[in-house]
């Protein structure tokens, strides 16, 4: 089975070599857990290795996102096959028309066309909550079933950034998208002693993959994410 | 009493030799706890031993499901008396008609006919939440009483995959289906030390069975599920 | 005061010799805690000792229930003065009429007549949640006050099986029936060590009875329920 | 200040000699904590000492209540100035008229007249939840303000039995009646070791009284309630 | 800056000498935590030192309140410039008109006039929940903003007794009045060992004041509140 | 990248030198955690260093706020380029018109114009809850997306004071503004031993910044906020 590497050093081994091609994967975490950075870096590193990526930003604008990624050491984005769609800009420029449009449809059709025409094989949507704020979902579970079905029908692997409110126990998503997704990567902050905290990465679910379920401390060193403990078993 | 083996090594002894024939059994767990794999493997192993199985997938498509099961070592599915009904495909192809149909009725009638005609003696529905997303239940407890009554009236043993949201305490189902079912198998992830987790299986309920109620670590080795501790008492 | 023995070995002493005649007693527990077995065995053993019992099953059918009880060692039910009313069968056969009937009234009148005509002195209803699923209660507290008043007006002792959802803290009932009842027997599963669980019985409330309130480990040995620790003080 | 003794041995000293005359006091506890017994025994012992008591039972009938109290050693109730009003009987006999009446008004007027005519100086209402089930309160806080004001205007001391659902944390009442009352006596079951429980009494609030706030183990010995630890400080 | 002493021995030092003049301060606590006594004693001691105080009692009547305060050693209230407005009496006498009046407006205008005419420089309202039971607030945050603004516009310092339901975690108020207030004094009962409890006072918030945030055990000795541990730092 | 210093001694190093210019940053905390003081002091110290600041106070009036800040050692505010907009005063003076106005629009336009005309490069809004009490948000997530977008479009760095109710677990905001913001500074009170508490500051999120996520004890000494532990790693 073909797999998309996360390029998080040490982690691909924990998930059988990477994310199976064609999967729809949630990247979950509360604010400040580097969800965007992790999702973007997966696309960035794969594009460097020959893929074509489409990053759809719903709430952060193009320049801020690009700047933030460059700060983390991801250089040369403008010369790569990594296209950032700034929906946030479109929204701010068309605030008044916003209510009249079915944005979920627009985004869906846009993705469909771009993947077909431009041969993107990696898509990221940042974030699901941003997407939901565009349209009121009448029957979330049914509409999301079709949206996930659409994503799975693409000839691409998809990463969905999913924001978990702080203090929301261990829920992983707003509408139980974790049931519908093929994989779930969870980023979580843990208290260490009285005053320190530590970021950890866990693969909660990955269909078609024999994966470790434990927590891995995650750091970024020399422009690379890496986990800092050996994969067990 | 005739019993359907789970073929989870070591576990059948913990539940009196297997699941009593004709039972309706929940297979519960949060995302990433191998509910689908456990339910499918029960059908797979029984079909290998001479049964006929119908696996109804509401949200994962046929090829992904089959591929995932093959990855786990279940080979030759296409040549066995194990039929996978891909409701997900039907839904995606008939998205627009979806709202006009009473899917619960359609699924019910489909199962009824196939069990009668094809003599399936094992049925699995994956998942209940997927089933509920097709129709809004007006009075869940009454409608589910009749649905469970229908399943029990079949000449088959039924496994219902039930998704428990992460972080939902110890609730086992959405509409207390655990009251209506004849048995409840619970899959649960436990933290082990600071960074490890361990999957465990527990038989919470099994009518007509003197069963152990403890937790059993569950692993998959050499293409077989097995529990890794001796059954007590 | 006349008392109805529970025939749970060692437990009758803990509740002053048994349940006072005429009481309405809840038998509460989450799924898999043997509520049905405990309630049925109280009727079974009393009928063997000369009583007449009416067991009303709302959700499990006659044969399954009888078979399950036989598995537990309760033999010869068909030749005893222990009548099982299979409301579940009536419901499944009259699904379409179900909505037009006031089932709470029907059940009430049925019990009233049978107790009068057949001289049943023990009645069990399994379960309250099943009963409530038949009718929507407009003002639960008032309607249940009258239902409990009706039961108390009978010349019989009544046991009501009450299902507590897993994970619902320590609530004992859906509409605070524990206030209205004369007694509350609670069945609860406790974790023992990391992987074991233990079933315990507790008499939470028993009017007109000086009873111990502690927890008693409950087992079934040689066809008899028994508690496994001495009653304190 | 004149005080009404509780006649719970050792406890009156903990609350400055007793409950100040004219107070409206809650007796709170979950099922099985002897609320009724404590409230009734306060009236019983005071009537023996020369008072006149009115006990209003909303849900338990006269004979059951009287029998239960006799079991606890309170003899000769029928020959004392302790009148039990069996509202439960009236309700069961007039079920159909129930909805047309303003029962809160009826109870209020009944109490007013009896206290005036019969010179009752002690009133108990068992229970508040039973009272509320008779009428839907539109604005609970306002209606209860007036009900408590009415009780305080009587030339009597009042005890209100307040049922706390099991598992409801530490809430003491349904509509925050603990704010409106002059005193709160709390009965609570505590786990002792792995299997034992212990009943304790605590005076949470008592206006015009310098009282201890600790928990006192409560037992009934030789027909008398008593606390089993010395009052501190 | 002028400050109003609390006259709680040892505590004024913990809050920079007292409550800044003109502040609106919440006195919060669950039932039985002496909120009324603390608020009243602040007015009483200041009036003895030359201030003029208005105590508005919404739910406890004049005589009960006065008697309770005398019990605590606050003598001679009737000869002091400390006026108790018994809104509870007005309400009970005008029950039928209650619904037609805007009581929040009436109370507001009454306070305004009395402060202007009688030169009260200290006002207490006991309690906020009592005030809210008079009127339904349409938009609590906005209406309370204006009510707090009105109180702050007075030439007086105000104390608002705020009742926290038992078991309500650590919420300090019903409509987040703690945001709008200038200061928050919290009275809380702590378990000490298995059976004792201890009352503690904490200054959660005090604008324009460098205050300690710790908990202070609070007792009443010789007619005076005092804290029993030294102020740290 | 240009950064706005917080001037909290020791803390700017923990967040890469300060807050990136143009960011919209939440300053979160429950009552009594010095949110206002921290936000104001950031503006004050930057204005002293040459910036121009606009502080918008929704609920505390100009004089109280200014006085409180002077108490903390921030002198000479009236002679600085630090303008305090007292919306609270405007609201109190125009109470009756309040309902007819779209205050969110008014505040938005006011800020826009002042930033353009007066070249403010620092804006603070105290507080978000105060802002929301002016207008009912129909679709909070969408309206706030545009409000945050507007703030980000300004040529200024913005600090938003966000009030977290006590006892609200670890939620950081009312409408998940922490997702929309570029940074989150959290002020939190911790129990230290049995009676002490300690204020701590944590940078939960800061886009475009490699920041420490641990908790730092925060004190105010000699008119300066400072953290009292070394920044780790």
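The first chain written gets the first letter, and so on, giving A, B, C, D, E and F; residue counts start at 1 in each chain.
As a working rule, a residue touches a chain if its C-beta (ideal position, glycine included) is under 8 Å from a C-beta of that chain, and two chains touch if they have at least 3 such contacts.
Quantities reported herein were computed from a predicted structural model and do not represent experimental measurements.
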| item | value |
| --- | --- |
| Other chains in touch with both subunit E and subunit F | none |
| Least hop count linking subunit B to subunit E through chains in contact | 3 |
| Cα-superposition angle relating the copies subunit C and subunit B, to nearest 5° | 60 |
| Distance-maximising chain from subunit D - centres being C-alpha averages | A |
| Relative to subunit B, chain with the most remote C-alpha centre | E |
| Computed distance of Cα centres, subunit F from subunit C, in Å | 60 |
| Inter-centroid spacing, subunit F versus subunit B (mean Cα positions, whole Å) | 52 |
| Inter-centroid spacing, subunit E versus subunit D (mean Cα positions, whole Å) | 30 |
| Residues of subunit A engaged with two or more neighbouring chains | 168 |
| Chain-level touch network, classified as line, ring, star, complete or other | ring |
| Residue ranges of subunit B in contact with subunit C within the complex | 1, 139, 141-142, 145-146, 149, 152-153, 168-172, 176, 178-180, 182, 184, 200, 203-210, 213-217, 229, 232 |
| Sites on subunit E touched by subunit D in the complex | 31-32, 59-61, 64, 67-68, 71, 88, 91-92, 95, 98, 127, 129-130, 132-134, 136, 163, 165-168, 189, 194-197, 199, 220 |
